[in-house]
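Next come two complexes built around chain A: one with chain B, the other with chain C.
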Partner chain A sequence: MKVEHSAQPGFNRRNFIGASSVAAAYALLGGIELVPGQEPEKPADEKPAVPKVKCGVIGLGSWGRELVATLQRVPQAELVAICDTYAAALRRASRLAPGATAIQNYRELLAAPELDAVLVATPTHLHKEIVLAALEAGKHVYCEAPLAHTVEDAREIARAARAAYKQIFQAGLQYRSDNQRLYVQRNIRSGELGSFVMVRAQWHKKQSWRAASPNPEREKELNWRLDKAVSPGLVGEIGIHQLDQVCWFLNRLPLRVHGYGAIAAWADGREVADTVQLVVEFPGQVRLLYDATLGSSFDAEQEVYFGTNATVVMRGSRAWLFKEPDSPLAGWEVYAKKELFVPSSETGIVIAADSSKQLLHVAPGQQPITPEKTPLHQALEAFVGNCAEFRAEVHDFTEAYGQTDRATFEQHMAANFKARPAAGYREGFIATLIALKANEAVVTGQPVELRPEWFELG
Partner chain B sequence: MRLNRRKPDPDYFTPLPVVRLAINAMGTRFELVLTGASESSLRAAGEVALDEIARAEAALSPYNPTSQVAHINLMAAERPVKVTPEVFALLQRAKQVWESTQGAFDVTVGALVECWGIGAGRPRTPRTQELATARARLGMDKLVLDERELTVRFKCRGVALDLGAIGKGYAIDAAVAVLRDAGVTSAFIHAGTSTMYGLGAAPGGGPWRVAVAAPPTRLTLSTVTQDAAAPGTECSTRAPVCILDLDGAALSVSAVWGRAAPAFDGPIGHIVDPRTGELVRHTLLSAVTCPSATDADALSTALVVLGPDGLNSLVARYRGIRALVVCPDRNAGGFKVRSVGIESGELVAARAANE
Partner chain C sequence: MRTNAHGWPCTLTWSEAVALAVWLVMVPAPVLAQDSAVKLVRYNSQPGSLVQIDGTSNIHDWTVKGGVIRGFIEADEDFPASVAAPGARAPRVEVTIPVRTLKSQVAVGAKKMDEVMQEHMKMAQWPNIEYRLIELVPKAVSPGAGTAFQFDAVGALTVAGVTRTNRMPVTIERLDQTRLKVTGTTNLKMTEFGITPPSPTLSLGLIRTGDDVTVRVEWIVARAQGQESGAPAN
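Then we have the complex of A and B:
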C-alpha cells in the first residue's frame, strides 16, 4: 500500500491519525477487511476448451446495454444477436456490439437454431411472454430480476424453468455469483457475528428515473417504471438485490413487511414513490430496516449486519468486520489486514453510530494490485460457463444413454455437473415474491404477511 | 385592456427551461447544460448522458480494479485480455494517432510521467538512466491488438495504459450520442473545461460560444502548482487567445501549466514529450476543434507536444480540424499565436496585439 503517495498532497492516513486528537476514537473503529483468497485466473480463460456459447440479448435499455458490454468481456461467450422493438435502442446497442445481428422481433431471434442462450432485460412486465417462449425454443435463459411484475407471472416463469430441466435458467441476482459476497456469506453463516441483532440496508441515488425520447408514444413506454399499473417500484426494481442478499446471508425468509413510500423529490405528476422505507421482520426477532431514495446520492449503498459478537459492513463488494471488545477471537484476526474506517474529509467529522461517511476505497492515484470483476461480470461468466459445461455434459449423457427419464438424467448431472454459483429459478422466484410484497406494503401503506406456502412453487 | 388584444406568444415571454447536471468522473468534473421544451425530458436525457460518462469511466479508469484498462494493465503481459468492441476501437484510434504523430501522442506514457513525479504531485528531475528505462516500455508498438478476437496483449512487461488524454473526449462523444438519440437539440457539455462540445443553439439563440484563455503572465512555480482553473483567474484582464463558436463541434485545449513540475528557467509545465522523455517547453497551449471530441482531445495533446512545427502537418493529416498553438515569446510573459483554419476574427488576443 502506497499510503505515502496519496494524491491529496499534505493529507494521508498516517498524518491524519497523528494530527488528529480523536485518533484514538477512530482506532476503535478499526475494522478487519474481509477478503476472499485470490484464485489465480485459470488459463482456460485464454482459450475456451469448449465451443463458445452463442448468446442473444433481448431488451436494450441501459441495463440491457450493460449486459451487452459485459458479455463481450467473457471469452467463452459470443454475442450473436441483440433485440429491441425500439429502433433507437437497437441502434445504440449496435454501436456497442457491431458484430451482433440487430433484430426487432424477439421471435425471430428465438427462431435462430444456432443460438444457445438468451438474456432477457426487457421491462419487467414483458419478461413472462419472452422467457416462456425462449424456454419453449430450448434456449438457456438469463432473466433479469425481478422475474416479473406479479407473483403469478413469476411463479409461472419459475415453473417453466423447472420443467425445462435440460436447460440452464439463471435469475439476474448477480450478487449470488459475486466471489466477495459468497465469502462474506460463509463468514456470516459460520456464526462469527454471534446472534443476529438487526440489519440495516440502504440505496441512495439522485436520479429522476425518467427516460426521454423524441417520440411521445415511445416515451410513455420507456417510462414503465413510473407507471403504477406495471411498476414493481423502487423496492421491486432496485431493493430486490439487497433484500435477497439479506435473506441469503441470514438464511431466513421474512414473516412480515411494513412499508412507507413518498414522492419526496420528484413531484412531476408521478405516482410511484421516489423514497421508500421498509421494516422487514424475520424469524428470531431480527428486523431489517431498509431505505431507498431517488432524491439524494449521499452514502450511496450499504448493508450493515449487526451481531452480538461482531458487525459486518458491506459497501459495494467490499466488507469489513468490527468485533466487539468482549467477543471471542477465532484466531485468524491477528493476521488479517486491518483498515481504518474513518471519515474521508478533514472537516465535518462526525462519529455517528452508523459511521456514515467512510474512506473505503483505494485512494485516487493508486493503481490496483489485482484485477477484480463486477458482480455482473461474474454472474455472466457463471451463466456462460454453466451453459457450456452443462451442454457438454448433456451431450455426453445422450451419447451414452440416449433419451431416458428425468430421474436418470438428474442423477447423472448431480454426479458430473458442478455448477458455478448463481441464482436459479427458485432463488429468482423467492426474491421476486419478497420484493413485490414489500412494494405492495409501500403502495398500500399496510403491513403484508408473507405466508410460508407462498414461497412454494407448487 | 385594449393594448393586449393580441395574445402574447408564450415562448417569447417564457424562456426555455435550462437544465444543468454534473458528475465527478475521470479525475475531473463533467458538466452539462441542456435547453429545450420540457424540463423533465431534458433531465431524463441528461441523466442518461451522465450514465454514459460513468460507463466510460468504469471501462477506462486505470484505478478501478474492475475496469477494462485495469485488467489490461494487470494481465495483458501474461495473456490476451478480451475487451469490448468500444474499448478496442478506442485503442485502435489511439494507435492511429500515435502512428500519425510519430509517437507525440502516446497512451503508454505513464511510466515517463511518473519519472518526473507529475502524477504524484511531487515534481523532481529524473536521472538519465531512469528516463531510458521508462522509455523502453513506451509506445503503441508494444501492444498486440487482435481484431478478430478483440483482445489486447502487451509484448513485454511494464507497459501500462492511461487513456486520460483521449478518454474525456470519448466520454463526451458517448454522452452527445445519447442526447441526440433522446431528441435533445441544444446542449453544451464539458470535462473540467479542457474538452467540450456544443450541440445546436445556445439559450440566447446563437451558437455556443467559448473563449480560450490566455496563458498566465508569469509562469512561476507558484502558478504552475495552482489548479488548472488558475490561468483564467490569473489573467482575467488579459484578452482570451480566441473565441470560437461550437455548433456540432468539439474543442479541446491542452496547456502545459496546471500541475506541479520542477522549476526551470523559462516556461515549464507538466506535459512530457513521449519521444524524448523531456518536458515540453516550446509550447504553452494548444487547441483543436473538430466534430469529434475524442479526436479533439487526442489531437490537442499531440499538438502541444509537436508544437508550432507540427501544426501544418497535423492539420493536413486530419482533414476538418482547426487548430492553434500558443508559444512563449522572447519578452517575459508574452506569447505568440499560430493557427490553421481559425479565422482572424476569432483570434482575439492576436488581433489586439496587432492593433
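Then we have the complex of A and C:
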C-alpha cells in the first residue's frame, strides 16, 4: 500500500504538481477549500505521559522503509528492531534506523519480550503467517492494507485480531486517521451535499511496478505485485484506499462491482493489468466510477463526490466544496476561504474546521493552511498512541479490579479508552474484501455480486 | 470508670493491658476469628466505578471522567449499619485514582485537554490522587429505605502531592449480598492543592478555567473472594 512516497509532502515533483498547480487551478475555479483546524503540537522532546512503545518493523521494501522513517518522527515510538529476510534490504533500512537491531527471522523478533508492537509491511501474501504469530506472541499489530491476498486469509487475520482483545490491531488504511479526511467525512455525513448523485475517483501514476534485481529468484520475490498468483492487482494494492474512503464517506457497502483491466503501457510479459476501470454499485443507485493506471501521470489522484446541493473534490490533502446555486446556505461557507477554479470558472469553498475563524488570521495572498503530517504519519501516531494508552488503561484496570471476564473488560474499555481514529480489524477486513472482489472483477471481466453475508466475520 | 492518658474510658491497668497484648499475640488465629469484634470483611473495588469532575471556564463548563478507582474498605460484618450506631469504629478505607485515567469529555480536542490537565496536576511526579478515611460520621437522619446510609466522610485527600482534610457527604447502600455502592460529592478548589487553574490556548482561543470544581464519586465494592456471607474473614 503504497500511495505516498515521501514523508515531506510538497517536495517532490509529483506532489509539487499535485499540490500546487492543481490547487491553483482549482483555486481559479473558485472552490471552497475544506481544511481541518490544527491544534498546537507538544514539543517532541517533552516527556510523554506514558512510557514509549517499543516497535519492530517486519518487511523493509520501499513502503517498509517509509514506515521506519516515519516511526522515528513519532515521539511516543521507539524503533527497537527491524526485520527482513533479504540482507540487502536490511542493510538499507539499518541506515535509516541505526539504533534498531537488524534481524532476518521474524520469529526471533517476536520472541523479544520487551517488544510491544510490530508493523507488518511484507508482501501482502506473507502477512497472515506473521500477523497470526505476532498476535499469538501478545504484540500489538499494525498490518498493511490489504490485509491479505485472499478473502479467507483476511478473515482469519481479522478473527485472530478480534480474539486478541487485550491488544491493538490497526489496518494500514491510513486515510482513516487523516485529520483532513476525518473532517471532510464529517462534513459529507452532515448532509451538506444533499442526496448523493455519483462518485468519481482516480489514481494515475506512470511507473512500471517492476523492480530490478541481481538474481532471478530475488526478482520473483521482489516483483510479487506482478505475479498473478499472489498479486491483489492495482485495485487491491492502490485502489483499496480510495474504495475504502468512498464506502466510509457514503456510509454504504457496495452491492456489485464491474471491472475492466488492460495491459496498456507495460507489455513486458506481465499478466497483471496496469490499467483498470471499475463501476461500483452502491445502494440508492449511487455508483462509483474508478480508474487507475500505471501508464499515465496526468491528473494524478482525486475523488469527486457529486451531490444535489454541492460537490466535494478531494485531491491529496486538500478538499473543496462547490455549491449549487439553488442549495440552502449553511452559514459557515459565507466566511470561508474561496478559490476560483478554471476552466469552468466555478467558485469552490475551502472545507476547513473553523475555516471562517482561520480566515481572520490568514492575510490576503498567504498560503492556505495545509496539514503538516502525511496520512501515514497520522496513522502511525494513532497506532502508537493507542498502544500506549490502551496498555496503560489495561494496567490501571487490572491493578484496580484484577482479572475480569471479557465482557466486563470491554465494557470498561468502551467507556474509558478513547482511541484515536484508526482502521481496526473490521474496517481492514471489509476494505480488503471489497478490493479483492473488485480485482476479481478486473481479472475475470465478470461482475461480482457482493453478498451481505460476506462482510460478516462469523 | 478509670480513664487513660488520652481521657478515654479504660477498665484495664497498664499491667493488665500488657498481659492482654501478650495474650493477643500468643493466641492462635482461629481463636481470634471467633471473636466478632475483630471479624473484618474486606470489600474490593469493582468495575463500573466512576469519578467525575465538573468545572467551569470562560468558554463553557467542562467535565472529566474516569473509570478506575483502586482501593478497599475493611469493615465489620454489619457495615454500613454498624457504623451508623453511636460510638462505632470507622472502617479502614483507602482509595487511589490514577490521574491518567481522568479523561476530558469534549468531542474534539480531548487529548489536548487531558495533556493540559495532567501537566497542571503534576502527573509525572504525582501520578495518583490518594484518599484515606479518617472518620465516618453518621448523619442524624437515616433514610427510610433501610439499605442506604448517609454519612459525612472525613478523610485525608492528596492531590498533586498536597494533602488536605476533606469532609464529604456520602451515601453507602447495599446493592446485594456482596456489593456496596458508595456515592459522594465534594467541592474543591484547585488552588488549595497548589494547582494553578489551567488557561491553555487551544483552537477556540484562550481558555481560562475556574478554581472551583465538583468531584463526584460512585464507587462499587464487593466482598473479597472467599468472604461471601457466612465465610470467615481474614
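In the analysis below, the second predicted complex is superposed on the first by the 395 of 458 C-alpha atoms of A that agree within 3 Å, B and C clash if a C-alpha of one lies under 4 Å from a C-alpha of the other, contacts with A are read in each partner's own complex, and residues count from 1 in each chain.
Basically, a contact is a pair of C-beta atoms (placed from the backbone, for glycine too) under 8 Å apart; a residue touches a chain by one contact, two chains touch by 3 or more.
What you see is a predicted model; the values in this text were computed from it and never measured.
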item: Which of chain B and chain C A:52 touches, first, second, both or neither; value: neither
item: First (chain B), second (chain C), both or neither touched by A:99; value: first
item: Of chain C and chain B, partner touching more chain A residues; value: B
item: Touched partner set for A:411, first chain B, second chain C, both or neither; value: second
item: First (chain B), second (chain C), both or neither touched by A:62; value: first
item: A:315 touches, of chain B and chain C: first, second, both or neither?; value: neither
item: Which of chain B and chain C A:218 touches, first, second, both or neither; value: neither
item: On chain A, positions contacted by chain B and by chain C; value: none
item: Of chain C, residues touching chain A in the complex; value: 44-49, 65-71, 98, 100-101, 103, 108-112, 115, 118, 123-124, 201-203
item: List of chain A residues in touch with chain B within their complex; value: 5, 7, 9, 41, 43, 45-46, 62, 66, 69, 72-75, 88, 91-92, 95-99, 207-208, 210-215, 219, 268, 362, 364-374, 377
item: Chain C contact footprint on chain A (complex, rising order); value: 37-40, 42, 47, 49-50, 353-354, 385, 392-393, 396-397, 399-402, 404, 408-409, 411-412, 415-416, 418, 420
item: List of chain B residues in touch with chain A within their complex; value: 27, 40-45, 47-48, 51, 55, 59, 62-66, 68, 70-71, 73-75, 79-80, 82-86, 119-122, 150, 160, 177-178, 181-184
